[in-house]
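Going by the order they are written in, the chains are A, B, C and D; count residues from 1 in each one.
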């Protein structure tokens, strides 16, 4: 038993404060926007120059000048602002974002993140990931706990090319919520049906649990 | 006999091409704008964020949000654009201005300019001068040929604190038009009634005249 | 989320002794006079904040706004490009008496340092000031055969800014050349407090027309008919009036 | 002064072999498709320009616009942040075959390098890419205890840009997120050529609404109903059509 991608996104969304400025990485992390808790409204930033954009338009009513960083059509809503790329990354690099939520190939206990290159084969593409990891006040990762082959994605040291050094502070996985503090994975929540030892065996570095570990729960979605 | 300040400004204005982007230093250089030759229209830039501003408004109809770098009221005209200070100095530092015309305490044959500080006494103030001398494609100076005490303002080496090193390319004075080329003052025009030797005696470094020297003429203004 | 502040006193309540405060404006245009005067009111009433480092293009004019702040003795250090004005007596007297510190910065470098502070760029190179007294002590590097001076970012604890329209999310527009340093300072301060002529509902400002997106703004206070420094000075105004 | 150009062919006539060409847009939004296609037309007719270095955020999509430029073999090197798309086959094949050079730059660094080129800043420091493969060979410096990578400005011979409205002085507005890299590239090129949906008289654009002031623009050409890359690709378009 494990959380689905949708449920991981839901869990990550619960930690976003009302009024937070948030950048969601392209692909899977974009899903987080759907699960803002009632009464809270985050303001979403996209690298290509929109702050406070709205949901996807109905199919057929897309305006292709109004897209997000993943090149998907979005909409405006009251309070939206447009700006150019240098201003957009001033928001990122200048530390003005509250939260960035990114995908990962690997996350190390040091907070190092690898999420842009699977090695020398193929075409490398980095986009805004390397900027985001050094900009937001809180850089979180959402990911399956292990690869499709069952290998740990949470590791001692990343084996793939790094996106950033010591940048990730929280990881939401299919099995747990883990903080990174002083070079350690600190377990905060895990699935109720999963023992600490089972989780440790799926994890490539030592899990610490200095405080009681809460149950990781998410609704059926 | 010598040109008045107004006539020096007139002479400098004759060299400004149609469509040129021009910054005029505060004070005396601002006068250059009045003497654009018929059929030519320069576009004036002011450090505080206006491109293509118009003339001074009638007294009493000033809008104090619409001023130039000298804090004098100006007007908008068709094609005016507003922008912030970083964009304004991107225009300057980025080499987008065609001409900057500045005043001077001293100009050296090396092209060094001193125009911001008369020494350690008093309150120093630099404004945009140090940016302008490194930005415009052509940096010209308009000045009386000598100080009120009759001392040369065109010198071998500046004695006052520098605004910029090797930046001035042409000097319009009350008595002559002089280019700076390869570390030399090269005389282009002088008042008809003034001998070369007389001009040299008023000048603090060697004047060169490799080509025929034209008469410096300006209308009564 | 609503960044609206109820009044000017609340807007300036959080500024601490020793704070670095960026104050927008170029001369009087874009100067947040009412915010400055509210800060003076607080100082007159409580003795705080003091020992401020103020960043502004100028050093004030007459006896209102920034000049009045200096006149109260609240400013320990001024970072500016051009401390001259039609009536610079307040700054000049204190400066010549050694009672206020001055860091003189070329205007374009000042603007770029503030932008760099807001954009997370700790240092950059500029040709400006190379070979001059203002480059003393700064690293110099040659790129493509030309010499450049390294300049550091400039950040602030607080920015006091004047804008035209603002919505409750902090999106701002400015009025003509009153824009000047204001959008840059919004980016470079931990806390940006803006006085606007009118607070509007989100959506009333065209998304294309937003000059400062709300992410750079922490508080917005409405001052419906802001005073203009130039006009006050022509009337011979002095702030606080009791000082006249 | 009138910066209006009579047609697309004239607009791209001056681009030389080996030129560095910045091309605006993020994916298809803000991509000057018609200018790119005019450049392809010229190449098909004359064999020039070729050996171009192109700066764009992406590497093209499908077989139109930038992808078509690459498909023609006109591009020697691409400087971009994200050479992936829904249909990146044109770039991918050439890249994997070693027929095109790639300089991969983080997106924010790419934007800042272009701005720096336009603003006369030869180098700056950024935290981005520190400790990664993309920082290899670049100077690193510590400021206030944190490590930063030195990055150089990026300039171009020509920028091909898409805007919304333009006046004959070159003042520009953009349409929504089609703004992206376009205003920055206008600043960083020796010659900036802009296609606009409508050329208007000076004064028709509110001075407050100008995003790119005309000083950054050398030529403006009207393309009344510009194609959108996304729409062309959904129709399976190929440029030039004969290549289909």
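Convention: a residue touches a chain if its C-beta (ideal position, glycine included) is under 8 Å from a C-beta of that chain, and two chains touch if they have at least 3 such contacts.
Please read all numbers here as calculations on a predicted model, not as lab measurements.
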item: Lowest number of touching-chain links that must be crossed from chain A to chain D; value: 1
item: Relative to chain A, chain with the most remote C-alpha centre; value: B
item: Rounded Å distance, chain B centre to chain C centre (Cα mean); value: 30
item: Distance between chain centroids, defined by C-alpha means - chain A, chain C (Å); value: 36
item: For chain B, residues that touch 2 or more chains besides their own; value: 76, 82-83, 86, 89, 92-93, 134-135
item: Per-residue overlap in chain C, given as positions that touch at least 2 other chains; value: 112, 115, 119-121, 126-127, 174, 176, 207-208
item: Overall pattern in which the protein chains touch one another (line/ring/star/complete/other); value: other
item: Touching pairs among all chains present in the structure; value: A-C, A-D, B-C, B-D, C-D
item: Interfacial residue positions of chain C with respect to chain A in the complex; value: 1, 115, 117-121, 167, 169, 171, 187, 201-203, 207-208, 210, 213-216
item: Chain D to chain A touching residues, read off their complex; value: 26-30, 57, 59, 81-86, 88, 91-92, 95-96, 102, 104-112, 114-115, 126-134, 174-184, 211, 228-231
item: Residues on chain B engaged by chain C in the complex (per definition of touch); value: 46-50, 62-67, 71, 76, 82-86, 88-89, 92-93, 112, 117, 122-131, 134-135, 161-165
item: Chain A - residues contacting chain C, complex; value: 18-19, 21, 41, 43, 45, 50-52, 76-83, 86-87, 89-97, 134-135
item: Chain C-facing residues of chain D, complex; value: 112, 116, 119-127, 141, 143-144, 146, 148, 152, 173-174, 176, 207-209
